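Read from first to last, the chains carry the letters A, B, C and D; within each, the first residue is number 1.
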Amino acid sequence: MTSIWKALREAGRNKSFLVGLAIMASLIAAALLADWISPYTYDEMVIVEALRPPSGQHWLGTDHLGRDSFSRLIHGSRIALKVGAIAVTIQTVVGVLLGLLAGYYGGWQDRVIIFLTDVIWALPPIVLAIAICTLLGPSLTNVIIAIAAVSWAQFTRIVRSKTQALKNMPYVEAARAMGESDLSIILRYILPNVIPVIIVLATLALPVAVVNTTALGFLGLGAQPPLPDWGVILSESMTYIRRAPWISIFPGLAIIYVVLGFNLLGEGLRDALDPRLKV
Amino acid sequence: MNDLTAYAIRRIFQSVFIVLAVTILLFAIMHMMPGDPIQLIDSPRLDEATTAKLRARWGLDKPPVVQYLYWLLNVLKGDLGRSITNGQSVSVLLAARLPATLHITLTALLLQYLVAVPLGLMAGYHQGSVFDRLAVSVTSVLRAIPYFWLGILLIIVFAVSFRLLPVSGYRGFQSLILPVLTLTLPALADTLRLTRSEVLEVLREKHVTTAVAKGLRPQMVLLRHVLRNALVPVTVMFFLSVPWLIGGSVIVETIFAWPGTGRLLWKAISAQDYPVVQGIILLITLLTVISTTIGDILTGLLDPRIRAELGGRVA
Amino acid sequence: MNPLVEVSHLEKHFEIRSGLWRTVSSHVRAVDDVSFAIAAGETLGLVGESGSGKSTVARLLLRLITATGGSVRLEGREVTTARPAEMKALRRKMGIVFQDPAASMNPRAKIKWSLRRPLVTNGFEHARIDDQILAMLAKVNLGPELLNRYPHQLSGGQQQRISVARALLLRPRLLVLDEPTSALDISVQAQVLNILLDLQEAFGLTYLFISHDLNVVRYVSDRVAIMYLGKLMEIGPVEAVLQAPRHPYTQGLAASSPPMSPHQRGRQRVLLAEQPPSLIDLPTGCRLHPRCPFRQTICEETRPELRELAPGHWAACHLAENLPAPQPRDT
Amino acid sequence: MDQTRRALCVQHLDIQFSTPHGMARAVQEVSFDIHAGEIYALVGESGCGKTSAAHAVMGLINRINAPGHRIGGRVLFEDKDLLSLTEEEMCHVRGRSLGMIFQNPLDALNPLYRAGYQVYEAIVLDKIGKIEAWRRVAELFNQVKLSDPEARMRSYPQELSGGMRQRVMIGMMLARNPRLLIADEPTTALDVTIQAQVLELILALRAALEMSVWLITHDFGIVAEIADRVAVMYAGVLVEEADVLGIFDNPRHPYTRMLMASLPRGFKRDGRLRTIAGLLPDPTLEIPGCRFRDRCPAKIEVCATQAPALVEITPGHRVACHVAATVKGDLPP
């Protein structure tokens, strides 16, 4: 599918795309090399060092248990990216399959799937995620399930409408006239033309997943201490907001860094791959 | 019956089905939770026989479907059960907390649109100008800020460092500022960007060229033909963004100790007070579905094409 | 004559749902009781304006949509009810080319892929596929250098010739051409029409050529069928139907068609009044009667059947024998 | 008809658009006059620049739809150079002196307003009272022969058929009695029976309102039907201009002649059509000499170096070709 590579080359001329790409690369590097980059481990407590402001020894200061904030932040990127990537993969696969099915066949399959998305959308995503995590209990695995469960519907709706438009294209009709089977038409003629949309959607879904992960962590429903989830760090920092505001500042900046990076990347990709797509 | 009425009625029916589906889900979830209301009473005077009698009286020995119908009937009567922690009626609790939540969400919603739509129109019309580029970069950053951290940041800046505004609680206008800002800023950025891209899209449509060709002045073209058309999706988004705001309010209320339903939800979850959780989720579902239904019907009102398509004849 | 294709009483009605409960309130009679035959090796031109059902007929022939009534026979075998295996065999005997050449090929695949697919999916011998593709490309005057390009890198004329080549790779007997030159510039249209005529001679193909352009249809067809609002109005040899039309609708169509030269300006241009009615609320009797300048009471009451007015020339008009002579028109 | 009075005078019009591959010249040094009361047809295949020329004259090319464009030359209309007017001054010309209708009347009307209002909006620009303006809308709907005008005024564009929409467009653009109506492919999206009705209407209104019509089309049939004079464009250049009989009976430019020969006029038995080999030149490239050279069967050496000027070879017949005067009879294949 060379034309995707061509579009990527075009995206390469787009400044925001390149900035996004650099941010994504730095994040992946931080997550992979966390053990080498960070000067301390994320759970090493030195109580006498607690609540120190940023200094040469602790670049971003320490928290109430004397743990090095910088090290915890770097290790936190691992959790954010891992949870985000797995959740986005699940919601993409589920959402795309259901979207193709609903869009191509229509009829009762379409009605059932659309009703399911309506039911999912009857609750604000974060509230639904909170409900699921409450039901399943707090853990990172359940966070992944919750995030995927609240986010697949968007993929389904967009892939469905794209499929509906594509299945009436002359080239799809021509394929049917040449004796291609339904499966072949979906996989060879429709899916490749939906893939750019999927790439854009998935890129823009990742920051949402990261924010939701940290929000659940913040509310105590996701990752549990002592894991250095950014949301967990923020929630612990609330108590010391007057004495040590720096503990609160940096995890937020880290989240913004991720979200901004992937948004820029996604928007750059969208402009190159499918400018008319609005998410 | 005209197209719009037919569509509105059908859309309302659809919403009722969606809410029913959510109640079934909620009931199923509560059913799967360990323990039933009788066990939760936790009194030494309960022996086996009394328990069985109570179960029979409350219908807990009936099949789940019948139990669901009983429960639904109670919900329709406004009886959402009692809180496990303090025994208060859930409906009364919710009624007491809802105004505070509506207070910040509706203020945030209005603020968001009053500011974002004119700015988005300007940015779109002057695409590429300094103002536009500034708007795009500021909104890019604003959209990336998570609610809970924005709240913390605002507390640090306004309440801790400068001691200008109250940090938490529900005390008059001043206490409203920080929660509303927290809630509205990211959404404002989204709305501005949506308005901007819709304006850009409409500007490229042929009917705008016609409007220019027939001699309309630029301001008239912009207001009557560009803004009017761009407002259709923007208005829909107004109503569709309500769920996001409600979701955000859960976190914002928690941070600012705002005595609304969101904070109640968080407390109930921490205390595993399931009847309250169930009641709040039901309430939020209702608010969400009502809002999106209004949004959809309003689209039909604003756009004759959609009115005809959704309400009229379909092949 | 030995017909390759026999269409009898073909019918496609779409349900219209309306009202609060979306109940079936009426039907769109997109194609209504249409019968015709195409002899092997001939070109039948199918003419009609938008909403006439001509493209629906094309899709019904290839069973891209299912008929609600009637039958389509190809070499005597029923298409509308064929089982999947038989249908696959029948489809190899039919090809189709669409109006929009840019949308006729998978935009994400190279031309080579689009040309290989029909052969691969129909189980052709892999070793010979590339030779067959090259041979067919040569037939449409294109070189092998196009094979590694994407559809959007081709001109409209090249795209349409690739579509023709693809449709012919399976060596069909019948080629359905649905407005194949309507989206093309004049000079490119000439190119494609020439190639179509050459290929017909070379392979002994049978064409169903659908168009709204009378000049194009006159040029390519042996016989012409005229459709209006889902009904066949007139059918017969091209000279007879287009030079001396017997149906008021055909006459109106011919009069409305722009002339080939400014010398023909004096004629009456507008014969048919007003707008065509909607397909949902069809007029009683003859579907043309609200627009017809010659209508009489019988036209409002009785639906006219196709009648053979001269050998091979049929028209569905009560008044066909009594119409004023159409204005002569030279070409 | 006063042949000497000019309604519009286009001089050395040059239009360039900014593309990722550099500046593309859509229109090059095009000059022509449209006389008062005539129907002047600009004919050409897609991409020849005919629509860009009309949009430039109307002042519809702007920074929003064509960032980085360049327009040169002069367009004289009622003693003013339209290209040098400010946007404010252009607002007084558009709609009032110059009207324009477009190819696809569905896209060209705002789907959110009723047809009547969209015409009303143009009328009230002339400081006319509300009631008077609505009366005028009804009058116009009658004038463009819309059946049941009251109902049509209340309809949304998408509830009208293609022919009715184009009638609404015509009514809207004629609301303020312009001197010149620019009709950009006005019937391309319509069925032939409806096309005939709309052409009839344009002819009738031209006579009734004593205006000129600048018709832009790719369809020689429509030209043969209603045009008085014809100009043929190829790749941004005006290659031939003559009265309609001159173009049809005695085309001189090889491009015009080949185009005429590529029209299907007869039957299959009459033989194959003429085709024009090759493709349009890349508009971003600066091409010395004649732009049709590569596709021309009659080209000579000078064609490669010198761009032919548009010269009058017989009274009223202008051709831009080095060989037009010498090659008689059939063109070589």
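In the analysis below, a residue touches a chain if its C-beta (ideal position, glycine included) is under 8 Å from a C-beta of that chain, and two chains touch if they have at least 3 such contacts.
Owing to the predicted nature of the structure, the values given are computational and were not obtained by experimental measurement.
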Notebook entry, point to check: Is the number of contacting C-beta pairs greater for A-C or for C-D?
Noted result: C-D
Note to self: With centres defined as the mean C-alpha position, give me the chain A-chain C separation in Å.
What the structure shows: 50
Check: Taking each chain's centre as the mean of its CA atoms, how far is chain C from chain D in angstrom?
Finding: 31
Next item on the list: Please compute the C-alpha centroid of chain A, do the same for chain B, then give the distance between them in whole Å.
Entry: 22
Next item on the list: Could you check chain A for residues that touch two or more other chains and list them?
Entry: none
Next item on the list: Give me the residues of chain D that touch two or more other chains.
Entry: none
Margin query: Two-or-more-chain contact residues of chain B, please, as numbers and ranges.
Written below: none
Note to self: Based on which chains touch which, is the overall arrangement a line, ring, star, complete graph, or other?
What the structure shows: other
Note to self: With touch defined as at the top, which chains are paired up in contact here?
What the structure shows: A-B, A-C, B-C, B-D, C-D
Note to self: Touching residues of chain B toward chain A in the complex: what are they?
What the structure shows: 14, 17-19, 21-22, 25, 29, 32-33, 140-141, 143-150, 152-153, 155-156, 160, 197, 243-244, 246-248, 250-251, 254-255, 265-266, 269-270, 277, 281, 284-285, 288-289, 292
Checklist line | chain C-touching residues of chain B, taken from the complex the two chains share | finding: 1, 6, 9-10, 312-315
Checklist line | Residues of chain C touching chain D in the complex | finding: 43, 49-50, 155, 185-187, 189-191, 193-194, 197, 212, 214-216, 218-222, 238-239, 252-253, 255-265, 269-270, 272, 274-276, 331
Margin query: Give the list of chain D residues in touch with chain B in this complex.
Written below: 58, 60, 64-65, 67, 87-88, 91-96, 99-100, 102, 104, 107-112, 121-122, 125, 156, 158-159, 169, 172-173, 175-176
Checklist line | List of chain C residues in touch with chain B within their complex | finding: 14-20, 22, 25-26, 28, 280
